[in-house]
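One chain, chain A, links the two complexes that follow: it is found with chain B in the first and with chain C in the second.
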Partner chain A sequence: MVKLIDWQEIIAELELTAHHHKALALPPVYGAYCGDMMSDVLARARRGSLWITIQRHRNVIAVASLVGLSGVVISGGRVPPPDTVDLAEREGVPLFSTPLDSFHAAGRLYNLLIRRGKC
Partner chain B sequence: MLEELAHHILDVARNSLEAGATRVEIVVEEDPAGDLLRFSVVDNGSGIPPYVQRHLTNPFFTTKSGKKVGLGLPFLQAAVERCGGNLEIKSEVGRGTKVTATFPYYCWDRPPLGDMPRTIVSLLAGNGHLNLCYRHIFQGQSFKMDTAEIRSRLKGIPLDAPEVLLWLRQYLEENLDILFGGGDHEVARRAG
Partner chain C sequence: MQLKFQVQGMDFSRAGQAATKIKKALQLAGMDPATTRKAIIIAYEAEMNIVIHACHGSLTANITPRKVEIIADDEGPGIPDISLAMQEGYSTAPPHIREMGFGAGMGLPNIKKSADELDIRSEVNKGTRLWAVVFNN
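Let's look at the complex of A and B:
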């Protein structure tokens, strides 16, 4: 059985700041996807993945919710606006930001996942 | 980064100012039922000569005189194309330019409209003499702001005085809220 990847590890490794409610239960992460084009993410990201993107408008939460993603990481030191945070809370989508750019965030996550045999 | 259509509108309108426009008209039309979002920026600037018009959406084109063409229009063109929309630029030297971008309303890759009050206020900051007309149509209802009308009520206070701009931003936010909420249109008129 593959060991589940620990959220604390992801949060530390990707230097994440959480924007969702503290009480929100974080779902398991089975993989990851990186992209900024909504239709591409809709078509190609898989349920249970963590999504790294520079987009931060409300549609991000809609896409994450539709696909069933485990969470969203907004990269490049960009912070989600209040309406996005509100929607994430309403939809129960874990929402983070990181000072890392998408390349470095994805690279670090890739390493974490590969150690767990998930990539 | 141009992540909102409001940023694109600001970019296009700044081109108008650089072209010496004294009057700019911005129209935003949202028609969710008709799956349409369209905006246009019309100015009375110097216009774009035909030889430049051919290159407007070419990112590697720049005029040597220092006049900015930049990446603004190529990026807008790309945003429009991602959604199967349409970008039209009509210009006549000595008369002005009209830029119209049309998007499907429901397209995942369409940037959100974003903060229009901020765009309007940013345009006016430092350009207190600009005649700016902003019309926003939502589901057939419309809201209109005309700097000429506001100026006549200011009785000499410059339109781009910080407190006026702060007021204007709030005024626009309130009126757009009313417009989007489908509220009583009369309220919007009275607030002006």
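Let's look at the complex of A and C:
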């Protein structure tokens, strides 16, 4: 049986800072996708994945919401601007930032997922 | 059910809103998730094409239990060579748009892959009309 990953484990492992409202319910994470081109993520990311990207403008939230992603992680120490945070709150999309670059964030998440048999 | 949205060129602050509303309508209508995914890829890419390339335009979704029809009509520079624009990687988007993760030359190819039927007509310096259909399985 596949166990769900605890969000606290993801937050600690990826050194995440949350930018969404504390009351937001975090959906299960079934996988991840790494990418910075909107069309690529829209076409290829799977519903329930966590999206790791360097992009931080509000269209990231539109794409995440359209695909049904579990959340967005903005990498490389970049912080989302207020209009991105506002839209994430309105759309109910969990929004995080990490000091890790995309490669290391994805690597740590991959290890977590593979331990749970999700990759 | 018909949904119609006005889309303004270069208005990135509202970009994606029309596709998001179409997605919610498709989910409320109980469309198959695969149909919904294909339709929103078409709607979003068509909406972004108007935002990035056109002066202004409209995005329309006609939703029936059997199919979703997406129509994007714009006034703008038009597409001089549609077959070239359909090739993955071909893009005329300026560098500052590409830096935002748009203009990768994937928009029209994504639409083509997702549509069961597709027709694009364009006139240079007038505008473009895109018509696409996804059948609900």
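The working rule: the second predicted complex is superposed on the first by the 119 of 119 C-alpha atoms of A that agree within 3 Å, B and C clash if a C-alpha of one lies under 4 Å from a C-alpha of the other, contacts with A are read in each partner's own complex, and residues count from 1 in each chain.
Definition applied: a residue touches a chain if its C-beta (ideal position, glycine included) is under 8 Å from a C-beta of that chain, and two chains touch if they have at least 3 such contacts.
Note that the structure is predicted; figures quoted are calculated from it, not measured.
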| item | value |
| --- | --- |
| Joint occupancy of chain A by chain B and chain C, clash or fit | clash |
| Which superposed partner A:55 touches (first chain B, second chain C, both, neither) | both |
| Comparison of chain B and chain C by chain A residues contacted | C |
| Touching partner for A:65 - first (chain B), second (chain C), both, neither | second |
| Partner chain in contact with A:38 - chain B first, chain C second, else both or neither | both |
| Against chain B, colliding segment of chain C, chosen among 21-29, 93-101 or 111-119 | 93-101 |
| Chain A positions touched by chain B in one structure and by chain C in the second | 37-39, 42, 55, 57-59, 63 |
| Partner chain A, residues of chain C touching it in the complex | 12-13, 15-17, 19-20, 23, 40-41, 44-45, 48, 100-102, 104, 106-107, 110, 113 |
| Chain B - residues contacting chain A, complex | 1, 3-4, 82, 107-109, 111-112, 114 |
| Residues of chain A touching chain B in the complex | 37-39, 42, 54-59, 63 |
| Residues of chain A touching chain C in the complex | 36-40, 42-43, 53, 55, 57-60, 62-63, 65-66, 83, 91 |
